[in-house]
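Take this structure, written in structure tokens, and hold onto it; I'll ask about it next.
Chain nomenclature is as follows: A, B, C, D and E, assigned in order of appearance, with residue numbering initiated at 1 for each chain independently.
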Amino acid sequence: MKKIGVADTMFARVDMYKTVEKAIMESKENVKIIRYTVPGVKDLPVACKRLFTQGCDICIVLGMPGKEPVDKVCSHEASQGIGQVQLMVEKHILEVFVHMDEGKNNSELLTIAKNRAHDHTLNALALLKGQHTLTPRAGQGVRQGKKDEGPLE
Amino acid sequence: MKKIGVADTMFARVDMYKTVEKAIMESKENVKIIRYTVPGVKDLPVACKRLFTQGCDICIVLGMPGKEPVDKVCSHEASQGIGQVQLMVEKHILEVFVHMDEGKNNSELLTIAKNRAHDHTLNALALLKGQHTLTPRAGQGVRQGKKDEGPLE
Amino acid sequence: MKKIGVADTMFARVDMYKTVEKAIMESKENVKIIRYTVPGVKDLPVACKRLFTQGCDICIVLGMPGKEPVDKVCSHEASQGIGQVQLMVEKHILEVFVHMDEGKNNSELLTIAKNRAHDHTLNALALLKGQHTLTPRAGQGVRQGKKDEGPLE
Amino acid sequence: MKKIGVADTMFARVDMYKTVEKAIMESKENVKIIRYTVPGVKDLPVACKRLFTQGCDICIVLGMPGKEPVDKVCSHEASQGIGQVQLMVEKHILEVFVHMDEGKNNSELLTIAKNRAHDHTLNALALLKGQHTLTPRAGQGVRQGKKDEGPLE
Amino acid sequence: MKKIGVADTMFARVDMYKTVEKAIMESKENVKIIRYTVPGVKDLPVACKRLFTQGCDICIVLGMPGKEPVDKVCSHEASQGIGQVQLMVEKHILEVFVHMDEGKNNSELLTIAKNRAHDHTLNALALLKGQHTLTPRAGQGVRQGKKDEGPLE
């Protein structure tokens, strides 16, 4: 049975884990979830590293960086670490980051968070099946959490 | 007995170590503290690396980056190094950084510094117990050093 | 037979893979293509790492970063990861990134995307033949996707 | 006998090495200095790596980044490399960087350069003695090259 | 016989390799040059890595980053990679980067490019002889490609 690691934070203002869990349940895929909760996004990279050591085949990270300049830097550092872990273990980490200034109001932010967590969970399940599963949608302007942009042609 | 490494700087204007030590004492947890003092935040990553070599299970770093652009860059470089060390040793480092421009005045800055050092010490103790200890508060908009934001829903 | 890895994204709004495939066909070179599709540009580095593990001799990555500041940061993180993979495996990855704000309109963007994918595919084929294949054009102000600037003298 | 590596640049407009050497002499500490001169700050990281291979226990780097945006980027890249070397060898490098726009005039710049080189040399000697040598000054707002800020309380 | 690797790009608008080759010839030093041409600056780090694998003792990279923000980011990524390669192989890479906005006009740009390539070639030859060869000029405000600034005192 494949294992999906899910690392989330106390800092985030939405419990996106619920959405991830529900999407996995509904998919009927036979996967096991291993969860890891940390204070903030900068703690996510090492959490993933440890989840991979526990046998995870792929990870999803859930974070909500703040809107101040210092938060943008934090988010960048977190992403760099997430990138490094992927190269160390040669496995994917799908990054569900929702920036506090992405939505016009709390309601929109909540919608983006839930949709993005849902969509990237499906992407994770797809990548577990192989590197061509997402190919039919390549270059199609697909978005997670927002409306697809669609292809230019 | 678990060991907590605490690395701090001469540059900081608050002796946050005192707060960390007090929080650990009050927790009644049976942990040993190993301290390491360096000049500034950019010296913290290698201090942590050495603390892990000395057997620490987790580290807390205490720093107060300045408010000038050059200080922001220093702080970013320090954080990148702190991120790298965590991946090298597969252990957490909780970053207690208080930016000199975070408070309206010295008194507020002092309060943030003490609260953040206190809160992250409790986080460190929680993480030492396992990856699910902080899970009940996941997605709850928890802050260290400032008032919690709370969940969006 | 040499193997070229091609990693692309669902996020991009142009299916640049078609252009790559056509350019390789028309070159009459005896190379095999291995494709890998991921959600966005930040997922490309580990996709390349896995393509190299599958025996690729060189990779081409196809991505279209958005025009918002957050997209610029994503693109930078992706490029840093792509740089790291190259050093880990000591092989080239040619980066075909088309920024959404590079063209005056969709039509120009489409033209840039196709031309850049085409030109870098020829560069990849050239590099597979050796480190001096591109030397006759060194310092000539060559561009991919846009008109050559030409030499200053 | 402990060895201190000192790497400096031709780019800098002050020969800070003299100050370092004098401070070490006056300290009466029994240490050997190994020097390494490179063109600019971006050449310092590998110089330090080589100094550590030659048996140095700690390094001091002396540099004076320019005031243009391109210089700021250079300085950042140099600092990132210096950070990486420290983690590779698990030893400290004290960074004496004086930015060309730090002083109001040449005279002030010269004073900062000499003071900072002096102060960090003493820090290097202190760190060679152990991780608690600087502890009595932790959180005291200590500066190198400028007046101490002092503690907030 | 020592080997100098020279990696250059098609993107650059000046064939700086000619200058490097001439400077090495005129030096009468008994060194062998190994050249490697790539599309742009981001392809230089892995080219150097491969040149070192071919036995080079030092490398020179020749590039001309553009003047747009996206070009500045490219240049930064290239420099970070060049920094990493140096630490991996513990050998120097001298970076001859001429930014398209460094000169007031094409003629000045051409002069800077030739002078910088020339000066750094001499630096490379000096570093091949040892870590003290450049020491007499340490802290003297030496520039490559432009007039020396000179020492502050």
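Basically, a residue touches a chain if its C-beta (ideal position, glycine included) is under 8 Å from a C-beta of that chain, and two chains touch if they have at least 3 such contacts.
Every value quoted in this text rests on a predicted model; they were computed, and no experiment measured them.
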Any chain touching subunit A and subunit C at once appears in the list none
From the C-alpha centre of subunit B to that of subunit C, how far is it in Å? 41
Quick one: report the Å distance separating subunit A from subunit B, using the average Cα coordinate of each chain. 25
For subunit C, which residues are shared contacts with two or more other chains? 80, 84
If every chain is a node and every touching pair an edge, decide which shape results: line, ring, star, complete or other. ring
Ring traversal (subunit A first, then subunit C) gives A, C, E, D, B
The residues of subunit B that touch subunit A in their complex are 72, 75-76, 79-80, 83-84, 86-87, 90-92, 94-95, 99, 120, 123, 127, 131-135, 137-144, 149-153
Note which residues of subunit C are touching subunit A in the complex, please. 8-17, 35-39, 42-43, 45-47, 49-50, 53, 62, 70, 73-74, 77-78, 80-81, 84-85, 88, 106, 109-110, 113
